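Look for subunit A in each of the two complexes below; its partner is subunit B in the first and subunit C in the second.
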Partner chain A sequence: MAEILFYVLSAVALLGALGVILARSPMGSVLSLLGSFFALAVIYLLAGFQFLAAAQILVYAGAVLVLFLFVIMLLNLGQLGTRFQLSLAPLAGPRARLAVTVAVALGLVGLIVAQGAAFGAPPPVGDAGLDPLPELALGLFGRYSLPFQAISLLLLATMVAVVVLAKRQRKEDGR
Partner chain B sequence: MNVPSEHLFFLSSALFALGVLGFLVRRNVIVTLMSIELMLNAANLAFLAGSRLHSAPGRPDLQGPLFVIFVITVAAVEAAVGLALIIALYRLKQSVETDSASEMKG
Partner chain C sequence: MEALLIAVAKVVVIFAGMVTIAGLMSLAERKVSAWMQYRHGPNRVGPFGILQPLADGLKFIFKEELVPEGANRLMFRLAPALAAMPAMLTMAVIPVGGTVVIAGREIPLSMTDIDIGVLFLLSMSGLSVYGVILGGWASNSKYSLLGGLRASAQMISYELTLILTILAVVLLSGSLDLRAIVAAQQHVGQWNIWYQPLAFVLFTITMFAETNRHPFDFAECEPELVGGFHTEYSSMRFALYFLGEYCAMTVLSCLAATLFLGGPSVPFWPAAPWYVGVLSLLAKAGFFLYLFLWVRWTLPRLRFDQLMRLGWKVFLPLALLNLLATGAVVAFTHGAQ
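Take a look at the complex of A and B:
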């Protein structure tokens, strides 16, 4: 049952990703991305990562995509825009961009297949899942406390940067 | 769920490829940013699949989930800064197409 659900959700995630590219309006892209992220969250849950499934929904669907929607509505970009026009001159032409995508996909799949010997049966998932919160917290505040503090600094810097970027009213104002 | 971890990796690589395609093909900066988010999510899925692969029955591997937490944070930061830049670009050009910002002609 869970296996069938996994494959259905994979299809939903891929279709959502395809929708991001194919949608004519940015609004459609955001909604497709939302579907893709929700499918991914349920896949995390099925795979045994309970906390990260919740974090995925809270952070991506709850914060990041709302930010995208907010900007689209603020700038009134809901109308139809241009679709498949490439901006990178060296990659112009449909064949080149298809080739790049196929090459990236084949490279990644090849990397996985090359290491196929390492794969085995998945471990049984206990009640706490594969990301038990007490251990995660111990890791964050113990072994990984330095990256944790670095990322807090990054968040502070981001806050300052975004305020500075968004505060400027007119280009004549200078700084 | 008794799905082999390879299939998680396959899903991850397919999502990443779609993200690359969107990044290359679309001219709207907002959709470009969304493609980057898609690629970061594919990376998260790969981290989790690897973590699942290396977990022993009573001893889950925690490096994958911890890295995913960091990646989620960085993705949120990137979205915030990127959208602020988009707002600044829109103020300057009244447009969010990448072709409208071509002064530097890279």
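Take a look at the complex of A and C:
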């Protein structure tokens, strides 16, 4: 039962990921991503990682994607229409680019197959036998507290960089 | 098999309870507004108009359903369900009482009993914004879109304060499990409201913003936006938005009672039977539900920039300071492990 659920959810997650690239309207992309995130969260739950599942929904579906939606609605994308359609436009273009994309994708899959474990392993279903929350907290604020802080600094720097870049682009536009 | 039956029974009872409370709230809203304005309110259907919600529901079902030209049909149909679902799901983790012994089995009075109840609740309430924002977008109308945008901006802003105030309570109790939080405040003197007065006040105000209720109901600000995000909705889908709103109010009221007022614990009667506990929770939640109505028919609406300023420049720093102070007190009194 749980295994069937795992495969169904994996399929949903993959289809959602495909939808992100192939949807014609950005709204469709965001909603596909939402579906993909949900499938991932339920997979975490199946594997017994309650905290990870809740965090996935809370952070990605509840905060990040809402901001995406917000930006998309504020930008003027009216001419793209409100219909959901899939288009293969991202794959169109010069043959060479398509060839390179396919080669890279095949290479990645090959790499995973070469590692061996990914396809042979049983689906991660059932309780992983962990009590992850205190362990996670101790790891995050004890052993890995320095990298944790470093990541937040990095994110802050990224944010400042994005603001600077966006401002420069505006100036060049003459606005 | 037996466990499954118990689970199904709980789901049915809680769901029916939620819908009933939502229906009664729609009646109470009209009654309370009428009393505050020296009118009678609905009093024709049943005694005191108590059957009015049923009549309204029937009418909603038989109304014609309209989908505006150029709307995204899939999203337009899905959005009201997305608005109502998270509020109903969150009720699953709220403990409505202690344990009952029926036919020799101990049955805890909450639908599920997960360690991360608070996190589950927060992640579900974070999803409620989708129904509003997608409904506003899919309607293909400028009023709806603006209403949806306003609502989502507001809900994102105030969610931060809500989470920070809940975290202060979680710090005090040392658990993300709502049952443990209730167990930690069995006596009136242990209620979190005495230890976290600031968090309680912030939570109560933020509740209004999270549910898009007066005086923060910019999403459906009639003078500017007609009906806001649900301008284009009709029939049962319109009703679903309201069902979602009343369910969200009910859940947040129960949550406020659980976090700050001891949940189903009965003041000065620790050995109370379970049904008194359930009644106690209902009474505490009922107070907050009445507060929603009381404020709605008393205070004028804020301006949108005032709302944003209040959220980001007043509530968020206060909630952060409160969390910092709570953390410091907990660290120094309980000692580092």
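Heads up, the rule we're going with is that the second predicted complex is superposed on the first by the 104 of 175 C-alpha atoms of A that agree within 3 Å, B and C clash if a C-alpha of one lies under 4 Å from a C-alpha of the other, contacts with A are read in each partner's own complex, and residues count from 1 in each chain.
Keep this in mind: contacts are C-beta pairs under 8 Å (C-beta built on N, C-alpha and C of every residue); 3 or more make two chains touch, one makes a residue touch a chain.
None of these values were measured; they are calculated from a predicted model.
Within the superposed three-chain model, A:155 lies in touch with subunit B and out of touch with subunit C [touch as defined at top]. More residues of subunit A are touched by B (comparison of subunit B with subunit C).
In the superposed pair of complexes, A:66 makes contact with subunit C only, with no contact to subunit B. Once chain A of one complex is fitted onto chain A of the other, the partner contacts of A:139 are limited to subunit B, with no touch recorded for subunit C.
Contacts of A:55 after superposition on the shared chain: both subunit B and subunit C are touched. Of the two partner chains placed by the overlay, only subunit B lies in contact with A:46; subunit C stays clear of it.
Look at A:12: by the touch rule set out above, it reaches neither subunit B nor subunit C.
Judged by the touch definition given at the top, the superposed model places A:74 against both subunit B and subunit C. With the contact threshold set out at the top, residues 51, 55, 63, 67, 74, 82-84 of subunit A are in contact with subunit B in one structure and with subunit C in the other. Interface of subunit A with subunit B (complex): residues 2-3, 5-7, 10, 13-14, 17-18, 20-21, 23, 26, 29-30, 33, 36-37, 40, 43-44, 46-49, 51-52, 55-56, 59-60, 63-64, 67-68, 71-72, 74-75, 77, 81-88, 91, 97, 100-102, 104-105, 108-109, 112, 116, 118-126, 128-132, 135-136, 139-140, 144, 147, 151, 154-155, 158, 161-162, 165-166, 168, 170-171. Taken in their complex, subunit A has these residues touching subunit C: 27, 31, 34, 50-51, 54-55, 57-58, 61-63, 66-67, 69-70, 73-74, 82-84, 133. On the subunit B side of its complex with subunit A, the touching residues are 1-22, 24-28, 30-31, 33-35, 37-38, 41, 44-45, 48-49, 51-53, 55-58, 60-62, 65-66, 68-70, 72-77, 79-81, 83-88, 90-92, 96-99.
Note for the complex: subunit C touches subunit A at residues 70-72, 74-75, 114-116, 119-120, 122-124, 126-127, 129-130, 133-134, 137-138, 140, 145, 148-149, 152-153, 156, 159, 176.
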